Amino acid sequence: MENLIALLVAAPLLGAAVLLCGGRRLDRVGHLLGTLLAAASFVIGVVLFADMLGKNADDRTFTQHLFSWIPVEGFQADVSFQLDQLSMTFVLLITGVGSLIHIYSIGYMEHDERRRRFFGYLNLFLAAMLLLVLADNYLLLYVGWEGVGLASYLLIGFWQHKPSAATAAKKAFLVNRVGDMGLSIAVMLMFTTFGTFAFGPVLKSAEEHLGGGATLTGIALMLLLAACGKSAQVPLQSWLGDAMEGPTPVSALIHAATMVTAGVYLIVRSGAVFNASPDAQLVVVVVGAVTLLFGAIVGCAKDDIKKALAGSTMSQIGYMVLAAGLGPIGYVFAIMHLVTHGFFKAGLFLGAGSVMHGMNDEVDMRKYGALRKYMPVTFVTFGLGYLAIIGFPGLSGFFSKDKIIEAAFAKGGTEGWILGSVALLGAAITAYYMTRVMIMTFFGEKRWQPDGEGHEPHPHESPKSMTIPMIVLAVGSVFAGGFFSIGDRFLHWLEPVTEHSHGNAPISATTVTAATMVVLVVGAGLAYLQYGRRPVPVVAPRGSLLTRAARRDLLQDDFNHVVLVRGGEHLTRSLVYVDHTLVDGVVNGTAASVGGLSGRLRKLQNGYARSYAVSMFGGAALIVAATLLMRAV
Amino acid sequence: MSFPLLTATAVLPAVGAVATAAVPAARRTAAKWLALLVSLATLVLAAVVLARFEPGGARYQLTESHAWIKEFGVRYELGVDGIAVALIALTALLMPFVILAGWHDADPQETGSSRWRPTQGFFALILGVEAMVIISFEATDVFLFYIFFEAMLIPMYFLIGGFGDRAHAGSDEHAAAQRSYAAVKFLLYNLVGGLIMLAAVIGLYVVAGNFSLPEIVAARANGSLHMATSTERWLFLGFFFAFAVKAPLWPLHTWLPNAMGEATAPVAVLITAVVDKVGTFAMLRFCLQLFPEASKWATPVILVLALISIVYGALLAVGQRDIKRLVAYASISHFGFIILGIFAMTSQGQSGATLYMVNHGISTAALMLVAGFLISRRGSRLIADYGGVQKVAPVLAGTFLIGGLATLSLPGLAPFVSEFLVLVGTFARYPVVGIIATFGIVLAALYTLVLYQRTMTGPVKPEVSALPDLRVRELAVVVPLIAALIFLGVYPKPVTDLVNPAVKHTLSDVHKTDPKPAVEAAK
Amino acid sequence: MSAAAVHSLWTTAADPMLKIPAPKIEYGQLSPTLIVIGAAVVGVLVEAFVPRRSRYYVQAFLAVVALAAAFAAVVGLAAGGYGTTKAHIAAMGAISVDGPALFLQGVILLTGLVAIFTFAERRLDPEAHGNRVDSFAAQAASVPGSDSEKAAVKAGFTTTEVFPLALFAIGGMLVFPSANDLLTLFIALEVFSLPLYLLCALARRKRLMSQEAAVKYFLLGAFASAFTLFGIALLYGYAGSVSYGKIADVVDGSVQNIDPALADTMGNDALLLIGVAMVAMGLLFKVGAVPFHMWTPDVYQGAPTPVTGFMAAATKVAAFGALLRLLYVVLPGMRWDWRPVMWGIAIITMLGGAIVAITQTDIKRLLAYSSIAHAGFILAGVIATTPDGISSVLFYLGAYSFVTVGAFAVVTLVRDAGGEATHLSKWAGLGRRSPLVAAVFAVFLLAFAGIPLTSGFAGKFAVFKAAAEGGAGALVVIGVISSAIAAFFYIRVIVLMFFSEPKADGPTVAVPSPLTMTTIGVGVAVTVVLGLAPQYFLDLANQASVFVR
Amino acid sequence: MNPVNYLYLAALLFTIGATGVLIRRNAIVVFMCVELMLNACNLAFVAFSRMHGNLDGQIIAFFTMVVAAAEVVVGLAIIVSLFRSRHSASVDDASLMKL
């Protein structure tokens, strides 16, 4: 059984290789092949899952050692996999949602002549993502980590002819690189501290608090940095919004369901390290909380449907990170929310994609409206996703998010109160902006007009290949949460890996739930009053200062631009100058001065025999004097 | 005595060079094929060397030793350790591609200029360089090494000055001026380095009485040869200066951008991927082994310089407007990593550095040659003159991207392995240095992606709208290199196994051991 | 000084037959010199009696045969062990026959031989009135551009006297390094200087410059030799003898002077020091060391190129030979006095030559300055004061002289309407026009620059190594620095030849006769062989590195 | 009279000659100054010979005279040819080659 693990990765990798090297002759079957291999990987995942369920909780960890990768003295990196409940969860999520989105893309990318390549990239992503979650050591994880980064780069920039897309792709990769720096430094720290960077020994040692608190904190913070990069957490969140330049399926798969959650995986996976360092954990929860609000606020202000969803993604991942930062209280719920979020956010994005598909790729919600008549399936699935994310009782989001809020309170002390209330506030804002999106898109009057060339968009329902995945995901987003939570199935499933502890909640779970309901109603209500009751202006009103700031991602990009980009440009320019004038100048200067000296000495050779005689005479006098002097001293 | 394999490996290309030069002017194509065949034959010989070499075995293998100049105590002594074997293999591997890539670079009628550039000479010079590089990797006699270390400047000089890049902004005259400036700069820089090293070489002779590396190392080890601290330091500086110029290390780097910018892409590859490696190789083999104490004494300064090279080179690469100069500055940054790894004095660092030499050779070759193909199509080296190429020439763009990704050392491609080893090796002994060096990976991403974005993406520029995609010959150059990059990225074990023993020896020469982990990891 | 002593002096003078013994001359061991001088004398007779038409052939043949025979004699002597075991002082202590002497004589003879080939070259200039012409004036006496000159050209005169003159010069040079007393040294100096002065004046083209060169060379040469002579006088006053051996004994203090009357002169160090300085100056003038170098560029430029080549190579060899003998045989006792001075001279010579050469625009002047720089390098070896020092200098001289002759031979080939095109700008793109010649010249330049695998590198390494072993490490460092500077202008010429566009009105490369080809061929061969496998010659120099005393 | 004085005289003559070489323009005069220097040497030789009481110095003096004569032959030849082609015997006019 274990030996199947490699196949999980191999299948999509093969697909990527074939599709990318295959050339045009594969154009006609490329998408099918890609989907097939994704599905194959899913099937293998399911088989392994079944096998895993067959075992009892303690020996549910499969490992497969392929070969020794980089052996240098003490430094032993292996290519070997570890499949435990945590990885299993991700494998199923990745391959499952992944396959669905492959199918969706068949329809969505139908008219793109580079569809084959698109599927190649998707497969590449799957392979990298699976490698990330299956690796049994941090260095191999790092490979997957950058692998998904590459895939994301390629897919965001898939429409490279659009400069915006190319820029967004570059930005995403660069910001991620900053995070990767953290990861690599973490690995180095592990190596120098423990002499290894394999999960087993490192985490074990962390549990035993070997290596000293400071070091562990250092490792933890570096891991957090990596997580921030990959999961678009403050301060490295800026790339996610621009990443929406990519085709919508990409946004759904990579920038909503899977890749962006890798950070959460990393934190949960390294739970032992974080547990060993409360300070680091504090930082984690702060980051989570801040991002939670940040994303939510940004989400409220965006008129671009995808950007709005992106903001929500950011904030939802904020929830997860927050949970993960809570330690054993939260790990399970972080993952659980991650899974449910995977369903409904993917669903929402696919819905958005379907809308755009029907609206000539229009993304501005102010130009939508009343679409529920035109695309019922999309409306229903999107609506279910909506209900799920705002945490409508009984749907996935309700369970997972509720748990996180509880856990936040359960942190105890003032921290607990602060975090809990932040989480609640976040829930309220979530309800607000999602309702806003919902209303602006599907309700109210139709607000679309003919575009420049004068042809009016004809909204229509998308083809089966697109709707079916949406339906499946909608089902998931309705029932997953309940399925997991009834009898704490998910808790027991994951506990052996992440362990779990009930904090001491200052307030009862029911109270929390009630509070959540209240804020939910408030948030949704506000949105309804603002957008449902009166018509939505096609041109965005100027809006309050906060709104305008939020539209610009709370000015964080401007900050980057001014400080990093401009500053960097100036730095490089001045360095180029320095290199040319100073470093090179010294060299050329020396040469020049020698030349000048030569020119001057040359003048001595004035062609007059008598002056030559003078120099001889002088020379003679000189050496006579010198010889006498030598004897004198 | 057995067949002189090492000599043969070096002599074959030398003979080939003479033969190629002798091909009559009319039979240009014949000369090309001859050169290609010779380089392939050399590759075969190098493979035999690789096969005959036992990683676990004696430190120097396949040794040959003959009297040469008794008067100077100079012997014709050859011998290879794992590091040398790896680099010889790299050299022999790259040559056929260099030749193939330069197939038309020296064709009079195709260059459309009356310039004197006989194809025969071009390929003969390339083979000549190969011969000299290989023998300087093999030499275990300091003097012998020095001879070829210096002599290889001359053919390189003619390659740079005689066969410049046709894609030039200025007029023909201006181009010629630029080119000879670059060539002279290259030669003088390295000559000065070499001459200062000559003084040190003589000094070494005065102190040691012979030039045999193994003998001197042994003598120093068993105390029969004492070197005063100051003497050792001076000699070390003499040697290191030459190697630092060759490598090149900041602030001795300014010749590289000119040389690589003006030379044709294959020659540029020859410079940075092969010839410069002799410098870093020599640091590892001669500086550390002959002057262990001085090496340790100088380490702090060298580490700082290496750091500066890394960051500085990367930042300047970002600031370049010329594709080839950008690659040149990127190389400077990479050489910083190599030197960092060497002087970190850990087995990870030094194995990484050696691996880095190999990988950087391949990755730069891939990137630079593709860039060369691109430049030869459009006839301009300026980044600003390109845009949207991937639309018209996707394969070219793809290979270019892979080359770039290798340059930014993406995991899964060869350079990542070596770069990470260097970083870990450095971090293990000098954490701060290691962390600062890590910034290099961000900057690397920056300049690579900026380059790719500006040239390949965006709307298609009218000038590039008609660019043909890679031809078969060009694919034959690029594909194997990329394959090598991926293979060595996924399975570098063969190389590391080859290198590790040699590195162990070197470390024991400098009396250094890897720092132990802080704690015993829990099982 | 007492009257009796004076009287005794007179009486001895009055009755010579008893005192002066019949000199015993080892003709066999002096044969090289004798052959050359004899041939020179015969050459003069040839000028007198052989009809003009056939003189050239006779003279050339005579010269070649004489030099070859002399070389054979040298080889014979060396094989006979006179260089090592049987080395001794011949001709009543005037001439020493030992390793350095024989080695340098061999080098001088070979250089002279190949140089004579370039003297005899008559294919380069276009034929004048159907007569083949060489690089020498038709009739030196006739005023440039005058009718008499035109008539001489028309009549097809050629200055065949150059051959005997060259032979005389070579004869003097053979004696110079083997002279064992100061008088012989002085005579030899004059014997090879005077013919050279004349040869300088004999150019066919650019005669004004040629004559000017001759005048400068002559006046300055005479000036220098006057200094030498005064120095000799002082040394004589110091030691009471001009024989190297005796002076050396006095310097070492191994002879206590008997006569207190002579106390103020005999062993008076002031005389010694000043005398040494002045004699040394004469020799340094000949080797062209700064600050006695200023004649070099002008004379090298003005003289007929074959003569320049000959002079640059042979004179240096002879002069350095003499310098070595003076410093190693006569003055080892006072090396702590002269070494520092030589240090200084070596340094300024190396740097001065290299630096000034950078801005030169005439290839011959450039080579002149390069020869100055090389004199500096050789001095570094001289200073070593070790056997290695001697052998390294010998080797360097051997290597250098052939490169020089070859290089100047190449210069004779590059010509335009006005004769040789020596201005550097004319050489632009030569490599494009005639690759072979350019390549050969490049080889010579690289050898001058001391690039490995050329004889230049082996020589430079040898002298620097000797210097370093002799404790002159700083000198080595300055040496490498100045050779870096020197490299720059050699490279400049290569750049010019290969990387710059040929000028439309550029010079043509004349196709020489086998004579010049031989010269160049030998030059290249020696350069490469000594670069790749110097061992044999180093051994030779080693064996020859012991002075007899 | 003490022969050392002759040495002083010789030195004086030598210096005069040298100075003449340095300051006079006419090639002939310059050359004569050189001759003067040579003769100064002769005087020194003879004086030393007298002091040392051996004949070497006097013999050398003869050699020197011969050499001087030879130099005259060569020198005059050259100078005259220069004079004829330039109509001036000034050494300063002969400065085509410089720098």
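Chains: A, B, C and D, in written order; residue numbering restarts at 1 for each.
Note that a residue touches a chain if its C-beta (ideal position, glycine included) is under 8 Å from a C-beta of that chain, and two chains touch if they have at least 3 such contacts.
If you're wondering where the values come from, they're calculated on a predicted model, not measured in any experiment.
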Message: Using the contact definition given at the top, which chains are in touch with both chain B and chain D?
response: A, C
- request: Any chance you could check whether A-C or C-D wins on number of contacting C-beta pairs?
  value: C-D
Message: Can you tell me which chain lies farthest from chain B, using the average of the Cα atoms as each chain's centre?
response: D
Statement: chain A to chain C, mean C-alpha position gap in Å, rounds to 81
Task: For chain C and chain D, let me know how many angstrom lie between their CA-based centres, rounded off.
output: 24
Message: So the centre of each chain is just the mean of its C-alpha atoms; given that, what is the distance between chain A and chain D in Å?
response: 97
Statement: Per the C-alpha means, the centres of chain A and chain B lie apart by a whole-Å value of 37
Message: Using the touch definition from the top, which residues of chain B touch two or more other chains?
response: 188
- prompt: Do you know which chain C residues sit against two or more other chains?
  reply: 215-216, 219, 223, 227, 297-298, 488
- line: Residue ranges of chain D touching at least 2 other chains are 18, 21, 30, 91, 94-98
- request: Throw together a list of every chain pair that touches.
  value: A-B, A-C, A-D, B-C, C-D
- line: chain A contacts chain B in the complex at 20, 67-75, 79, 139, 142-143, 145-147, 150, 153, 157, 160-161, 163, 165-167, 170, 173-174, 177-178, 180-181, 184-185, 187-189, 191-196, 201-202, 204-205, 207-208, 210-212, 215, 568, 571-573, 575-576, 579, 583-584, 586-587, 591
- prompt: In the complex formed with chain C, which residues of chain B make contact?
  reply: 67-72, 115-116, 146-148, 150-151, 153-154, 157-158, 161-162, 172-173, 176, 179-180, 183-184, 187-188, 191-192, 195-196, 198-199, 202-203, 205-206
Interface residues, chain A side, partner chain C - complex: 591, 594-595, 597-599, 601-602, 604-605, 607, 609, 611-613, 615-616, 618-620, 622-624, 626-628, 630-631
Query: Hey, which residues of chain C end up touching chain B in the complex?
result: 391, 429, 431-432, 435, 446, 451-453, 457-458, 461-462, 464-465, 468-469, 473, 476-477, 479-481, 483-484, 487-488, 491-492, 495, 498-501, 533-535, 538-539, 542
- request: Within their complex, state which residues of chain C touch chain A.
  value: 215-216, 219-220, 223-224, 227, 269-270, 273-274, 276-278, 280-281, 285, 290-292, 294-295, 297-298, 336-338, 340-341, 344-345, 352, 355-360, 485, 488
